[in-house]
């Protein structure tokens, strides 16, 4: 895949897309004039205030350049080194960050808690939080990381979030949400930012913008003011405090303005639904997920994947059970892209 | 200082400037279309090749979002945790990174080696590298970090770099260069990138672009191919491997193209020289540095600083001996800005 | 359980026993006179030479005060922070060290590989070592830790060790052996120290003495001379290099002298066999392990455990499936202790 | 120096001595019978109670096998990773622990505060604690480590301790005392354990016993109950929680019993005084310290050191200014040893 590829071809990940025009416009504006460094500029201050409005709560906002950094910083603030981080086996922090959680937390242990649809099962979680609690010989469950939306494109309902948070807090654990696709989940379950974060018991949120229209801007959003000082130093010390922060907050501000983030996410989700509806019922094609978010898993008959790739389509297919393929849609796909893909599959499965 | 401030007012740091138009244009172009993530896109590949051309050497290039991250990653690759990092007391890694070197290196010790003009003295360095070598009770000198240009605006000559590197390598230490103002130093001493890096014994360079026209793009440049795998994992694990890397490499590419980086640095340095020449000889004003780079230290008579600030000028003045002030110029200053400042000082010292 | 308890009562762990008379005599001798500190004394030097004799190989020996420290130091020398440590879910490093491996390795990831009898299954291991090799997004399998004898009292055969080591080395992993009960395993499988360590592919051994007659003396034994310097600094830096090392090496020397370690282990193993033979066939009692080492797992009928505890016996029984109990024998048990226990169980199950 | 050397010869360090007979007797007693592991035995419990009596305060006691481990654990409990540890340039944590503080604290920074007689100067300290407080770019002064007695054999007076603690606490720093030679200092300044620890503002004490009659037993003594849980996990995780803890607490108990520790320290101090008095006034000999503790620094005329060493005396002399030598006395020296040394010097300087 190259930078000359068309959106038609790209379903590998939503991180293959470029940037929304509004984001670019904000960067253009930010490139003018002088600004105080390290987030002391007016723009950064106003964006922090905007986050408080959006979440209807006091927040401490720390822009970062990757979701891995957001997750690592958040987890480090929520567990001591002798703690354990509980998460689903499919979580990004387990599979795709090369040990970043261990690095940022100074060696907290990873403990996996399974469940269907890439969501942590409440009963398994209840058992896990109490295991060897207070036993000096064992790393202590200290924080649970919930991915919303999950790597499978599913999303926890508000009730599910509330139940898991409640189990966590009663057992003395803190709650982290990996929201690399936070906006897609918001749309998928029809919740407000407040409902899906602090009202659901989330202590710190990794707020993703990059996959949904921004360039390189995510953020740690903390709802617990007591963690602000610690996060501030961890953020600096990890090399995440940029001098020209306005180039990150410009992106985040434009992302929140005029519901760009929600509109982008709604569109991306719709594209996945359109794809699902288009593929459903085709001979040999089996829809495996019905997520509402922007990821679609299917089972394809023999040779279909190879035939599609031969036509230039890009998507992952060899990471799961044989025949299972994944399509990720983004704000950058057009309905016509989806329709073309559906036509191609229809043709090939006729 | 706010984003509506004029360049006239800002001499606090070169990180207050915005971005060069060429950088913005590159970002605009990068915002279009799809691209493979994590640096596998064509643009990122071509920029890596461009760095090899510029340095006339094999290089491994790791874009990062801050200079602190660049320094931390570079040092981590050059010292074991039980090693010591030698640097000048004025070095950014000592004073301005909140312990980032200790974080990235997993606890290597900081050892300071003094010298005039913020440059490490060769004799003191020679003594320091051998201190308690092989003694299991003592952290082992493992890497020296040379800042070029220094925090005072001075720059090591090629001979000075070669001497320090030679002492380091003979004693088994590696050499890191903190090049947050690498381009300014290149211009100041009239050297080529190759001469001022690997030919002078530098193993890894923190290559700064942000202060000299980019938005948020610096890079770790390693001249030692054996460190590539380690750096790759450290870079990922520290949350510095961006999915949309093209938005960093677009900046770095435009920075190198058509000598933008050298032209920007030359202009910034010239502005400092113009300021020095303008202030020299004014009653009570004493020029303290004659660096050639884009930082000017002076001694001001009583009340002058306060009077200037009352007019809206911004510069640091209370961090050093009483009366000592610092002006940092950047690519964004105009000759007329400097002339206005000189006029103001002239007026106030009359 | 208190210090006035008799051996009759104690089957919780072999760490409840005191010390062999020979160990005490060595400590008494070491308490006299002066000695050079930090292992530079003659006694420590001679004990290091003794280890080389016993293992018939060059060894670097680092006395430590706990098995957790031995494991942590060994693993740290065998994996970079971005590596992964593979071990069995039952391994002590997973369950009983509160994250010591993560602490010592600066955050290497733990990956579990299952198998029957607390031993890693070769096929599962073969799959695990290759998973996402070279993928920068994933912690890299770097070292496997084999527990010999295992926490269940089983022991790998020489063939099993060789197969696992071969898989590990071919995939670029190093091999660590947690030998907290190394002597018990030696006796159980009838091997020589060399055969069960470096000849079987072990790179570093955590050599346990404490559970088998010593007071507080274990050691890291490295068969790879290239790791000596690194281990030396890690050992010091972790607060494990004692000034009066002779008080540790005195124990280790006496432990090796006159086959004390082998005799103690043989006796402990025999006591477990005697217990197994005595309990086999009793109504409702089911022998679950037939290890040869000094740990016996059984399934007890209802109430038997409670009744035995009421008589003062101490053993673990609530950590596994209902009804499963564990007895650990040591050098300090007498045949008559075992016979008394067997009689008690016989009486209670009649 | 070998284990057959006589006390006459050894003045290198007090860690060259063996063990007091009472310590050995306690170890002998502890070697008998069974005991609950990990400090749950009666002996360990009683020794913890004994420490509370001795210090007249609630204490949490964590036996460790080295002073470096004690210091590392204490500092880790008193500073976050982004904090700074302030100590005197001569402190053991700076010079002789190969970066153990950085390892245990996960990378806190070391900041040096000078002063005469190896004691931190109050004015310099006052300036240091406030430096860049709250500045996110700078590691935050978080704990001061006071060595009592110092490496020079001097001891802080109670007033000096109170002043430094007061400055520390007012600035939000915690206070650690490195008491590797705590007993020698107690005797030197004539204070009670309570006066010289928590009453003087000490939060955690590294309590040394090894140098003063024990074999391998030091302890972290915390006066702040809120730190108990954290210390417990750090202690375990660092591989310092021994299974047969009674072999450490036996030493510590005997050390405290019948004032053994105070008597040993008084004797060691007296031996240094006797040596000082004997050497004072000899031609060319200059007494450099008058500490009261068990370390004596002198300046020797040319050739005297070499001549003494030729007679078999062992002491350090090439670590400081030319001609400066150090003699360390211990509980194991006899008055006659000192007299013989004095005679030798007298003879050689005649």
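Going in written order, the chains are labelled A, B, C and D, and every chain counts its residues from 1.
By definition in this document, a residue touches a chain if its C-beta (ideal position, glycine included) is under 8 Å from a C-beta of that chain, and two chains touch if they have at least 3 such contacts.
If you're wondering where the values come from, they're calculated on a predicted model, not measured in any experiment.
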{"item": "Selected interface, A-B versus A-D, where C-beta contact pairs are more numerous", "value": "A-B"}
{"item": "Chain whose average C-alpha position is farthest from chain D's own", "value": "A"}
{"item": "Distance from chain C to chain A - Cα centre to Cα centre, in angstrom", "value": "43"}
{"item": "For chain A paired with chain B, centre-to-centre distance based on mean C-alpha positions, whole Å", "value": "34"}
{"item": "Chain centre separation (chain A, chain D; CA means) in Å", "value": "52"}
{"item": "Multi-partner residues of chain B (each touching 2 or more other chains)", "value": "81-82, 97-99, 103, 106-107, 136-137, 233, 236-237, 241"}
{"item": "Residue ranges of chain C in contact with chain A within the complex", "value": "81-82, 84, 95-99, 102-103, 105-110, 136-139"}
{"item": "In the complex with chain C, residue positions of chain B that touch it", "value": "38, 80-82, 106-107, 136-137, 140, 230, 232-234, 236-237, 241"}
{"item": "Residue numbers on chain C that touch chain D, as the complex places them", "value": "1-7, 9-10, 12-13, 15-19, 21, 23-24, 27-28, 30-37, 41-43, 64-73, 97-100, 103-104, 210-211, 215-216, 233, 236-244, 246-248, 332"}
